[in-house]
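Have a look at the structure below before the remarks.
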Amino acid sequence: MPQIFSSSSNSFARASIVLAVVAIGALGVSAWELIADSTWATRQGEAREQPIPFSHAHHVGSMGIDCRYCHASVENSDFSIIPPTKTCMNCHSQIWINSPTLEPVRTSYATNTSIRWTKVYDLPDFVYFNHSIHVKKGVGCETCHGRIDNQALTWMQPSLEMRWCLDCHRHPEKYVRPREFITTMGYTPSEPQEVLGARLVKEYNIQKLETCWTCHR
Amino acid sequence: MSTHVVEYLHPIYGIMAEFETPGELVEAARRTREAGYRKFDAYSPYPLHELDEAMDLHDNRVSLATLVGGLLGCAGGFGLATWCAAVAFPLNIAGRPLISVPMFIPITFECTILLAGLTAAISMIMMNGLPSPYHPVFNVERFANASRNKFFLCIESEDTKFDREDTARFLETLQPEEISEVAR
Amino acid sequence: MQQPVELPDRIEVGPVIDEGHSLASVSDKITGIVLKRKTTLGWIFGFLVSFAVLQNLMAAATWLFVKGVGVWGINIPVGWGFAIVNFVWWIGIGHAGTLISAILLLLNQSWRNAINRFAEAMTLFAVMCAGMFPVLHTGRPWLAYWLFPYPNTMDLWPQFRSPLLWDVFAVSTYFTISAVFWYVGLIPDLANLRDTSKKRWQQLVFGGLAMGWRGSARHWQRYEKASLLLAGLATPLVVSVHTVVSFDFAVSIVPGWHTTIFPPYFVAGAIYSGFAMVLSLMIPLRHFYGLQDVITMRHLNNMAKVTLATGLIVAYGYMMEAFFGYFSADTYEKFMIWNRMTGPYAMFYWTLILCNIITPQFLWFKRIRTNVFVLWCLSIVVNIGMWLERFVIVITSLHRDFLPSSWSMYWPTLWDWMTFTGTLGLFLTCIFLFVRVLPSITIFELRMLLPGARVKEPIAQ
Amino acid sequence: MRKKILQIAVTAGIGLLSVACSRLDMQDQPKYKPQRPSDFFADGRSERPPVPGTVARGALDVDEAYYTAKGADGKDIDYFPIAVDRDLLLRGQQRFDIYCSPCHGRIGNGMGMIVRRGFKQPPSYHTDRLRNAPVGHFFDVMTNGYGAMLNYAAQVSVRDRWAIAAYIRALQYAENANVNDLPAEARNQIPPPGREITPDSVYEPLAPPDPDFNNFPNVPATPAGVPGVHGAGAAPSNQPERQ
Amino acid sequence: MIRTEQSFEIAPQLAGDLKKYQNVSAFVGLVFLALTVAGIFLPGGGMEQFLRSYLVGFWLWMGAGAGCLLILMTQYLTGGAWGVVIRRLAEAGSKTLYVFWPLFLPLLLGAPILYKWIGMQNEPVIRAKSLYLNVPFLWGRWVIYGALWLGLTWILNKWSLREDETKSMEYSRLLEKISGPGTVFFFFTMTFCAVDYLMVLEPRWFSTVYGFMIIMGECLTAMAVMVATLAVLVRFAPMDHAVTKRHLHDLGKLLLALTMLWAYMNFAQLLITWSGNLPEEIIWYIKRWNGGWGWVGVILLVGHFCLPFLLLLSQDLKRNPATIFWIAVYLVVVHAVDVFSLVEPNFQSPEHVHFFISWLDITAPIGFGGLWLALFFFFLPRRPLLPLGAPDLLKALNHGRSH
């Protein structure tokens, strides 16, 4: 008998084809896209453990210390340094000198060894990023790093995905602020951002650099 | 010639006649159509263009679907290239214009072919109601030869003119090798 | 009334199918190869050898992933080495299949019917081998999906003004459409296998793949239409694919690459090597499976003629390159052609001329065309010649480019050779599996060639 | 990176996983970027200090007064070795607010935020001792530290130190200023009595700052009447800076 | 041998018609050629303009004859029903070369006026190719082309008639044998001919695909003329019962294929030259892109490719003699525009590009067309319209009748 399949097999065959197309075509692709874009993959917003539970919320938020007090190279260098232990000791040679939490700092200072901080904003090595030019063109610390004055443990505010970079590179007028408010947290523009941004773009001569070699060099 | 008529409790799918040569099948199909039957089908191990005329088959929907697919592919390919190069990711490459029409033609062409080709194949399969691994005609023992060397004609019970006795008698006048009833 | 006129009724060419076959006999002969024929020792031996050679690819690819593309011989200025040579060679071979199927179907060439299935399968396997090289050449094959346009976190879209992207579209479209065309052609034969096989698992597998094909006239009508449409679409597609491959070179300004004849000349070269490869494979297949009655002398003769014709177009291309090297009066063009002929790779150039232009001239003689063994040897020579052509185009144009300070030599490393031979192994492994598990000749189209298959014989006037 | 983990997983899924997981991506390349650890050097740092005695081309600190604030007699100088102008003062104000105000307070009274949290209170600038101290003294303290205060040489550049010193002088001057010292039009802008100076209000910039703090011109005309300014214009103001 | 009662004689009415076409063509041709020659002395003309327009008209119709020769050889090589039904048309077309080859002479004599390279012997670029580009060799090549083309035409026509008379396989084999090498040599000579008379109009420019491109255009013209003629012939004996719709369909497909090949070669040259953007190459397109010439390009893109492509896709239009006739005629006309745009834009400086056309550019193609068609209709009825000795004649006659 040439009849090999039962009468239910027709629906089964058709359903399985539709299912395969949906599963592979739609779900597979979108799932991959969702995973790659998820905070799980990018580690966006995830507070990272550090050798010392340093709190920006305390130092910036309640003490009002300016960002540049510690990250002193941000205006002049492509790299904004994580401060050397000596910078901590500027104050902690006098206050909290017995705190066990700060023991690694004292040890580091005494033995001249580096504290190994965990890098939170870790750009891929094939990306060239220059802090000083961003600061100079009116990109506030807050624009990328968020309300750091509220972060007890530091987390990454943006996804650091390329499209996040490109968004600002294509539309800087949406983000720039006057230079004197660079380190201001909770900054609100004094006039509508569209007006201010457009003016600053002109005034600071901000170019919309989108070529590959702007960042990948 | 012999006739096997099996009594089924359930209504049957149709009555099937088996022929030895393609000429007989074409002639049978022509006469079946002339006799007023509409819901019937001929089965052959290779395409017989004469059957298209004999059964009055003029289905151009595959061509139409392919044309639509091709046009969509053409517009889609060119649109994709233009959108990517001029809107989503405008980049100066060696001073070429963002919309470099000559350079978009290869991809427009490939997309046209891809979509048209896939549409042709998929629409053919879908319009043929495939996949249908189960089909009543396979219930006939000798239908295994339909893909090998024999020619079959099946008048379906859904035809308004169908009558189990009359149709069987009609098929016998076509002088087939064998007549069988097809279980549903 | 006119005087009666005498017309010649000579049939000069041999039959496309030997006499004595009937509908049942062709069906049983071809399905028998898949269903009944015992797996011979020769097949097992051949398969194992191919599979062993395939391991070269596995090893070479693994090492490539471990170390990076530096294991290959490529460097500045020859950044496109074996990978591109082999890519173009394989994709060229992949052209005969669809060409035979599509163009000959459009032209109603009945001799196509016996060889198209096999040639199409060959196409698929060759394109598989071809596609592997650019992907490996990227250095990070696991990111190959970046080549396609899809919304991504980089906000990046492929560069549609780059011929390399055209290549991605062309090759993937070609593979898809070839696979679809091949599968659509298989459906009626799978139904035949389903109905003929006696083993339950075979019935299930073939039955599932045949999707319940039952040879209905209504189905055939749409089926024929779809086949014709696919053929009509595939024909320009074949041409476009190698055209795009030629654009990979020609759109640049490297002397030796940037020349307008590249598109037609590449397409001809692809068909040339493709037909040569079909001959190289078809002749042993025909011999070992006793298919002399369906793959007749006429097939071989015709394929030899197509090979000769395309070979002559390729020769025309070489001549034009040489002539315009002189006629351009351009320093770089002149130097390029002179360097090809007398430079460090001159040996390759002259071997290529010998293999691609001089040797195939024997095909002018019918005695050569119908001598199966000599024809087979010639087809191998052409395959080697076409490989050398790509080597000469890629390497000699790059290794002496504009700046003499960056001149260098290119030699493939062991890993290059292993990758290349490995793809040969992959190709042959697939071929061996294919001839074992699927009908390598289109049965239903073969039936149409039989004398009794026509409803009425054409009437002479 | 988790993206790498993903890629490893996918790669494994398609059967391409090899021993080379570390090569799966170019996110982490075997190269040194700032502050990246190193297995090669004994101290574990990739950043190397220059060999002692190295002088970068064009960075020879020949001007003793400018770089050390010491005169030929080894005592702190009492003049500014650079031109002092409005831009320098504004720069000094900004730098003071960043680096000094946490302890010294915004007005230099020694009541900064850190002091309120237990740091030893520094002396107010508005004592006679400090009012009479030579400007070189402030520079020297910033460069070498003083008492509980560690040095700020690494954080504040030489030029900025002079700018801060100038600003300290301005603070001292302002603290003892009389309303009559102001020009007539500025006098009108003094807030009416009753508005107190709150910590919030001192956070506001005292004057509209120059937008470009980093590029302030090097040799402007020297304003008259600023105490402690001597030898204006004679200073080697284009000296490269030393940390 | 199969005896058939069927007539293969040319119907008397058709013979009369052909005679009439011949006379009308000859009249039109001579009048317009005379006008063209008069253009040397008339306003809007002049010697150089005359030579340019002469080249436009001459190349279009010489190409039609050469295309017929190539198609004649090709059909011997490929076989197939389409070749059998147009063989006699191709033979008649190829014989026009007997007259058109001497017509190269005005171009050769006027070469110093028409071809700038002759006056540029001191320029390094021209000197570098002086081995090829010199006047004696130009004449020499003309002789070589003539010897080869006329020799091939003569021998193919002769053997074809012999095949008819003797019905012997010997001649069929000879025809096939000569066609192989003949095609090869024709390709090379026609490529060099295109270089000699067209490419060097822009002395520094070169393109390797040029030969292919020109030959495809010639085949297209030739095929269009033959299809148009066949569409007329099918109304009369013997073609009325020999040619089926299927034959027209196949020939229409070949027209479609040639249209696509023409477009393909042009696109290949355009894309590669445009993306390379090298000064010595792009000049050719700059002269055809700016100053109004771009519209000629648009006409060619739409008129020479898009429109015929879409029309020829339709099965019904291909099968209907009336429609395929007009499509074929249209293709000849639009190809004249192509030849015009190959020749005329070269005569302008790249700095000052502007569209221009002389009335001679209209009269010359019409004049040569009349001459060509007169010759064609003169040669056509000299032998049976179908090759009665062709081995696959019967098969060809049955083509399209089996179902």
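Letters are used for the chains, namely A, B, C, D and E, taken in the order the chains are written, and counting of residues starts over at 1 for each.
Here, contacts are C-beta pairs under 8 Å (C-beta built on N, C-alpha and C of every residue); 3 or more make two chains touch, one makes a residue touch a chain.
Treat the numbers as computed from the prediction; the structure is a model and nothing was measured.
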{"item": "Joint neighbours of chain C and chain B, given as chain labels", "value": "A, E"}
{"item": "Chain located farthest away, centre of chain C as origin (C-alpha)", "value": "D"}
{"item": "Farthest chain relative to chain E (centres taken as mean CA coordinates)", "value": "D"}
{"item": "Whole-Å gap separating chain A and chain C, where each centre is the average of the chain's CA atoms", "value": "51"}
{"item": "Mean-CA-position distance for chain E and chain D (Å)", "value": "85"}
{"item": "Separation of chain B from chain E, taking each centre as the mean of its C-alpha atoms, in whole Å", "value": "44"}
{"item": "Residue numbers of chain A (touch at least two other chains)", "value": "2, 4-5, 10, 13, 36"}
{"item": "Of all residues in chain B, the ones touching two or more other chains", "value": "49-50, 91, 96, 103, 131-134, 138, 143-144, 146"}
{"item": "Junction residues of chain D - those touching two or more other chains", "value": "25"}
{"item": "For the chain A and chain D complex, residues of the former touching the latter", "value": "35-36, 40-43, 63-66, 68-69, 72, 75-76, 79, 81-82, 84, 86-87, 89-91, 93-95, 112-114, 116, 122, 124-126, 136, 178-180"}
{"item": "Touching residues (chain side chain C, partner chain B) in the complex", "value": "22-24, 27-28, 149, 155-163, 165-166, 169-170, 173, 176-177, 180-181, 183-184, 188, 191-192, 194-196, 207-208, 211-226, 229-230, 233-234, 236-237, 240, 243-244, 247, 444-445, 447-448, 452-456"}
{"item": "Chain E residues touching chain C - in the complex, by the definition given at the top", "value": "1-9, 77, 80, 124-126, 128-129, 131-132, 167, 169, 172, 180, 184, 187-188, 191, 195, 204, 206-212, 241, 253, 260, 264-265, 268-269, 271-273, 275-276, 278, 280, 388-394, 397-398, 401-403"}
{"item": "Complex interface listing, chain C residues touching chain A", "value": "150-156, 194-195, 203-204, 207-208, 211-212"}
{"item": "Of chain A, residues touching chain B in the complex", "value": "1-10, 13-14, 17, 210-212"}
